[in-house]
Amino acid sequence: MSVRVQVEDFDIGAEVRALTAGHADIGAVVTFTGTVRGESGGKPLSRMTLEHYPGMTEREIARIEAEAHTRWPLQASLIIHRVGTLRPGDNIVLVVTASAHRHAAFAAAEFLMDYLKTRAPFWKKEEDAGGAGAWVDARESDDHATRRWQGATGKG
Amino acid sequence: MSVKIRYFAWVREKTGKAEEDLDLPAEVKTGADLIAWLKDRGPEYAEAFARPEVIRVAVNQQHVKATASLAGAREIAFFPPVTGG
Amino acid sequence: MSVRVQVEDFDIGAEVRALTAGHADIGAVVTFTGTVRGESGGKPLSRMTLEHYPGMTEREIARIEAEAHTRWPLQASLIIHRVGTLRPGDNIVLVVTASAHRHAAFAAAEFLMDYLKTRAPFWKKEEDAGGAGAWVDARESDDHATRRWQGATGKG
Amino acid sequence: MSVKIRYFAWVREKTGKAEEDLDLPAEVKTGADLIAWLKDRGPEYAEAFARPEVIRVAVNQQHVKATASLAGAREIAFFPPVTGG
């Protein structure tokens, strides 16, 4: 299990290789990469800034990651979340889950992303071409996505 | 007793500060009490906490309800709903 | 949309970069990598050989990929399946799906994997340490996984 | 008319060949008919097709049921259930 909050970009291939090296018991690796889209609410986006709560963010993500390991049989997992100023096309977040079987790896990655969207203390401020900035509102649909895991039966 | 208060995102922008150390009076027992008390400290606080129902509270870096007790709090944070990922 | 059946290994990071380059409308990229496990049915595995049906395999995968694009709003997708002799830890298959939103990317990747397991003409022969080889039987659970997509409502 | 017959995985191993061109008699109208006809060609075919219920059929590189007509077939393939991914 590993959690990193960092300004630097990441390389998916290198992260997966490092995470799975030496494991002969992994059959399935799922990665999710969130990237900055070039528009927001129909308007062009020039850049965004991600703020976090140092200390709490890492702890909150580690808690969620540990919960994923109790729900699904995972051999390894990794969560990287970038902070600072990002531009369209840039990577924001990487989630990697590795399991013997694909359904566990898929379910755990989706679970982690749903929770990252709704529980981990990150805030996005978007800037349009004119430099006007606006904080992103939380999405109702993300809260719904997270709630579907509450009461879920565990092993998937 | 002095407690560290931290503000994030637009709460930070509106209060004009990322954090401060405050001595809380005895009648401030919950996050909601603290919000009400902070709103009296000046117009920037009044604006930051104009809609307390959208403000999230963390005590000692854990999410809590605004009605939860602040007993034992060393660090209290206020922020909007999170928008990560 | 892209399909490759190849002997060579692949690099997940490089494939994702090539697939998403120049797209400002992608917000979510999901990859699935299937790898060779070091044991099969409780016995150590020394290597496996993947056979395919040249022509039909590529066509069948392309058909499944096109169906994924009709079910979910995908900006891009890629499927690479290796053939030939592979050893524990080696990559077998890569599925990449890219969408504006994460639920579409997750659902499409899982759909593609379920179909690759049950419809694409590949056959695995496993060899144990003594060199004894056995063809892998189809798994009932994989057929179940595929059937759940039949009659699914489309946009996920 | 000559048709290309292809065998994969353990069907290929048991028949001892990857493909062959055969002239099919008129009474062979379906995949199941073809399997029954092939089984008479020799012990290696009889063994490869000993359990016809597990054999999958593709005509012109498309999955079909064993009961589907072979009319228009240029290439017919027999193989076990697939195990990719």
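Labels for the chains are A, B, C and D, by order of writing; each one numbers its residues from 1.
One rule holds in what follows: a contact is a pair of C-beta atoms (placed from the backbone, for glycine too) under 8 Å apart; a residue touches a chain by one contact, two chains touch by 3 or more.
This is a predicted model, so every value here is computed, not measured.
Chain B and chain C have centres, each the mean of its CA atoms, that are 48 Å apart. A straight line joining the Cα centres of chain B and chain D is 73 Å long.
Work out the mean CA point of chain A and of chain B, and you get 26 Å between them. Multi-chain contact residues of chain C, defined as those touching 2 or more other chains: 34, 102, 113. With touch defined as above, residues shared between interfaces to two or more other chains in chain B number as follows: 85. Judged by the touch criterion defined above, the protein chains link up one after another in an open path, with no loop closing it. According to the touch criterion at the top of this document, the contacting chain pairs are A-B, A-C, C-D. Within the complex, the chain A residues that touch chain B are 34, 50-53, 55-56, 59-60, 81, 92-93, 113, 116-125, 135-139.
Residues of chain D that touch chain C in their complex: 6, 8-10, 12, 58, 61-63, 77, 79-85.
The touching residues of chain C, counted against chain A in their complex, run 11-14, 16, 20, 23-39, 88-89, 100, 102-103, 105-106, 109-110, 113, 145.
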